Amino acid sequence: MENKTFTDALPLTMNSSEKQETVCIFGTGDFGRSLGFKMLQCGYSVVFGSRNSQMSSLLPHGAEVLSYSEAAKKSDIIIIAIHREHYNFLTELIELNGKILVDVSNNLKINQYPESNAEYLAQLVPRAHVVKAFNTISAWALQSGALDASRQVFVCGNDSEAKQRVMDIVRTLGLTPLDQGSLMAANEIENYPLQLFPMWRLPFYLSAALCVFFFFYCVLREVIYPYVYEKKDITFRMAVSIPNRVFPITALILLALVYLPGVIAAILQLYRGTKYRRFPDWLDHWMLCRKQLGLVALGFAFLHVLYTLVIPIRYYVRWRLRNINITQAASQKENSFSTTSAWLSDSYLALGILGFFLFVLLGITSLPSVSNIVNWREFRFVQSKLGYLTLILCTAHTLVYGGKRFLSPSILRWFLPSAYVLALIIPCIVLVIKFILIMPCIDNILTRIRQGWERNSKYSTLNKKSDV
Amino acid sequence: MENKTFTDALPLTMNSSEKQETVCIFGTGDFGRSLGFKMLQCGYSVVFGSRNSQMSSLLPHGAEVLSYSEAAKKSDIIIIAIHREHYNFLTELIELNGKILVDVSNNLKINQYPESNAEYLAQLVPRAHVVKAFNTISAWALQSGALDASRQVFVCGNDSEAKQRVMDIVRTLGLTPLDQGSLMAANEIENYPLQLFPMWRLPFYLSAALCVFFFFYCVLREVIYPYVYEKKDITFRMAVSIPNRVFPITALILLALVYLPGVIAAILQLYRGTKYRRFPDWLDHWMLCRKQLGLVALGFAFLHVLYTLVIPIRYYVRWRLRNINITQAASQKENSFSTTSAWLSDSYLALGILGFFLFVLLGITSLPSVSNIVNWREFRFVQSKLGYLTLILCTAHTLVYGGKRFLSPSILRWFLPSAYVLALIIPCIVLVIKFILIMPCIDNILTRIRQGWERNSKYSTLNKKSDV
Amino acid sequence: MENKTFTDALPLTMNSSEKQETVCIFGTGDFGRSLGFKMLQCGYSVVFGSRNSQMSSLLPHGAEVLSYSEAAKKSDIIIIAIHREHYNFLTELIELNGKILVDVSNNLKINQYPESNAEYLAQLVPRAHVVKAFNTISAWALQSGALDASRQVFVCGNDSEAKQRVMDIVRTLGLTPLDQGSLMAANEIENYPLQLFPMWRLPFYLSAALCVFFFFYCVLREVIYPYVYEKKDITFRMAVSIPNRVFPITALILLALVYLPGVIAAILQLYRGTKYRRFPDWLDHWMLCRKQLGLVALGFAFLHVLYTLVIPIRYYVRWRLRNINITQAASQKENSFSTTSAWLSDSYLALGILGFFLFVLLGITSLPSVSNIVNWREFRFVQSKLGYLTLILCTAHTLVYGGKRFLSPSILRWFLPSAYVLALIIPCIVLVIKFILIMPCIDNILTRIRQGWERNSKYSTLNKKSDV
């Protein structure tokens, strides 16, 4: 349950005549103490096992401190809140036989040891039932009750009854246990809290590189060039105008990069005539972070929208419009109205708005709670059909934007084309290849390959119609 | 767990001395092979059962292929990856007695057969424990690990232990099992992956019809009429101006349609004097897709906001403002300031902004993860109180918009009123009826009816105060 | 499963030869009848226990009505749909021994009785297994199937098998059981449906107070002052201009108040030299509603963005721009361009946009489904690092906004400074203290304290390196 108050005020009193369950905690470090504090709060008896069985003011009130072997006798469930390097002494404690040992340890680095701490513990004390749990919860969160972050506790272990009992404790503490299967999962569970957005790295670095490149490209064309030739100081353009060029370009390129691996994969499958050969690793990794690429692109698109909408409030824009008005008022000449310009301007805006709208829709459906309630067919429909429609709209938006500028004389500056022209290259390539791939003749072959058919297999008769 | 890397890199090695569990898969089709591949990756032994026990290059490395009866002997758990039409031969295999059969099949159409495939299988092999699972996962997702879509595997079955064992396998594969109860649920589970947004159809078609109608209505009044009488080509209005009329109108009507079934239901209950008679089917269906109607309305409102905010950037608007300036500058006359116009314009904008803000709030609370953490009382408060406030604000926004235009002469064109006038009909009806319904005298009766009281029941004494 | 159609169309037929499970419901009130109706729909046999065993037209078709003791004999599972005040007669029914009693009752007030209804029931019928469930579901939702709100049913009980059987029923009804542990949790589960946004109260009242104060402050300075001295009627400013001053100020102050308790806590910990003494209650409560404070602040920031973006569409703004144009056109003088003004205006806008963008990111990561898939390290990174960056950007945005105005003469009106100056006080204090706290010398001490070190502890040797 996500609601804080629900848990934070757990009853401290025991009205019923139930006997209190006793839990033993080995180790009196910060995490051990915090866990003990929380368990006492939730109605458990807590016994600490320690080398030094002296009571400490740091330990929560109501807890007992005993020697390791004394403490182990008091409870079926022993929480091992000790660093892995000091697990050795546990081999000597015969009291642990048949007990449930809960490994709560974390490492300092991902894959620090050849095997996970929990599996190592299971090897050291083979007669105990080792369960991995609690390592994703911070000591501070346990103490303060400020469990805004995840309340999920990943639990794994080979003994199903031991796992069930640990999951019951997790629930009583107001947390959500998630059964992750056997102890083999411990390695992943131990790596989990050390990760810092692993899937977001590629999209982040990629977008940062694109931003920096296009920023300097635009500064060169639009700030340095006029300064060199016209001695105009328009550095202020670096605050809004140039970002508003860089952001949409980055967004469009990233969006195209979401769909590029899909067409590359299709070409590979067509070329190989089978879907059963693995893709190269770079393609696999690329395909797995498409969602993140798309969300970063959406972020840039959002910034582009805001930067565009503030245009009329900018001092520079108001000043320019005013000066145009004054000169025109002086010449007393009415402006002529160009229907073509009106059409271009309006369809440019309409395409952008619709593209952004679909992009936001895609973003919302990629929220975990939303993607969980759609089935595979619906998810594919949104991410593939609507996704390509978004790409088409955004590419058209950029093309129409160009449509107004192609005629102006000063396109090439120092032989450099406008930045948006560069932005169009990848999206256009993706759309052209996709257009070829969906032509019936090619699409049929691809569909058959994806259903398991093989071009060169002598065993293809094996793929009987009767099997799913 | 949603995090991909967590599962995708599941340990392939078995450090511990555990014996590998063996799973048998009947059928070597695409889905069977993909499932086998994933199971091998996750540390299971896999035996394929096949008519033709010859090893194939298509089958994942490390798997064994045997005849059906040989394969069935190797494992307690047999995954039936065969099309339903070929289930018949299973009746002859006595090896299946007492085994857990996992039905993974899907149909091509919703409700294709009178009973679900899993129930049919349970009838064919009455001595086995049939569990339905895995049918919502695609073969491609299993192979590639690209489980961006739902990781949820719906599981149902009559034998609780068999179900538990299948759920353990699901967990080990990095997926999330969802217990759906007994085998009766199999029908729904089999229909699930075939659905394509069933609750969104009515809102979608309704909004499409409204959009098309109002688009042509506005084109008639605002493009064709001026063309006929003034020979002006203002077709460019179809890109931004007219959509920005159609979208808010559609949004407002859809929002009113979210609250209309509620007031109809209340009137029906008042008229019948009981809440225990079923509503007509159309009303039931309408009430069930209110959330979707509201979200579609929010989409149109979002588009309206964007279309409105780009107004000052449009070429046409800039051109018109410039020309007004020039003519006024020529006449050298200062504009007079109308406080009424300022009030109307500003309150029009403020009402729209506040209405949109509440609308977005409503949308956010309808996200599954948010609506899960609010209780029934909170949900009702948001969806009912805030919902009506949103409707009031949006209706007022439209009324004030009209306030500025009612005075202008050219309202009726070809006897057609402005489109926004039509948009106001349903919202005003809903608000008036709701206003009547919340008057204390009527509200009291309605509240009693909804608590189970019956006007005409001779048994109404039965509704004793003691019962909940 | 969240998908409505899935459950609403549960099969009413029983193809398989299974015997129907019978459930007994004590009490024929509204909730009992609705639950019975739903259970019949889902394939259960339902027997009502009632004082008056006469069949009623109100009871769902297919259900049986018997006396309490007769009904209790028919089933292992008895749902007690009776108000707590009438529980007494249950003590006399010896048929209840060994049965599973499901307490579905709710109270009228939070903590109405010393112990929860379920615990009270367990005391009355000590030989039965009491399970708390279904109290969070409304009768109306059960009948209509309109389970848009939470489908979660909190279940708790001391007997694990009894709990499991009730959870199976919950699943069969298409709801999601959430195991909350032992019967001790019943109190919280009973309070849950009575809550109305408990964590949102402080943020709500605080923001309302800030809004009202700053609204009148601004009205005084910007409407009454000019009226008194210049007799100008600019009351229309109350619709857009003044809210657009009040909202960003409230947003900025609330955002600073999100980070203020953190720095106060750090100062307290530094001063006390330990993290093991509890914070004062007001600080605890403040820290627990930081997320809600931040989300309210985001709401105001969103309103500020919309109010700002509509500026160019406002009648008043257009009128003023036009008049400036006319007077300038009359004077035939070109405007001079100030690069400083352009820089200030553009960086003001850019800072605001970037700040708002990060703010939206923070809001998205606080969605339950998103915060569930990030680990503790990632959550801290976003909420702390990105959070402070947002605060810095928004404070800088306000400072630069001032930068343009500091030079204008009429700052003080009736000795009152501009409202935005007041808004800057708390954010600047927070940022200055935070800047001091992250200086290495202080940060090191704080980090050690938060890892469990104590300045004045004679037992600090106890905090051995070996313990987690």
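What to note about this one:
Each chain gets a letter, A, B and C, in the order it is written, and its residues are counted from 1.
Just so we're on the same page, contacts are C-beta pairs under 8 Å (C-beta built on N, C-alpha and C of every residue); 3 or more make two chains touch, one makes a residue touch a chain.
Quantities reported herein were computed from a predicted structural model and do not represent experimental measurements.
A complete topology is adopted by the chain contact network, contact being made between every pair of chains. Here the C-alpha atoms of subunit A line up with those of subunit C after a rotation of 120°, rounded in steps of 5.
For this pair, subunit A with subunit B, the centres built from the Cα atoms lie 23 Å apart. Counting partner chains per residue, subunit B shows two or more touched chains at residues 1-3, 152, 192, 195, 309, 312, 325, 329, 367-370, 372-373. Touching subunit B in their complex are the following residues of subunit A: 1-3, 115, 119, 122-123, 152, 154, 158, 160, 178-185, 187-188, 192, 195, 198-199, 275-276, 284, 287-288, 290-291, 305, 308-309, 311-312, 321, 324-325, 328-329, 332-335, 337-339, 341-347, 349-350, 353-354, 356-357, 360-361, 366-381, 383, 450-452, 454, 457, 459, 462-468. Listed in rising order, the residues of subunit A touching subunit C in the complex are 1-11, 14-16, 18, 27-33, 43, 50-52, 54, 56-58, 81-83, 85-86, 104-106, 136-141, 143-146, 148-152, 168, 171-172, 192-197, 233, 235-237, 239-241, 243, 299, 302-303, 306-307, 309-310, 312-316, 318-319, 322-323, 325-327, 329-330, 367-370, 372-373.
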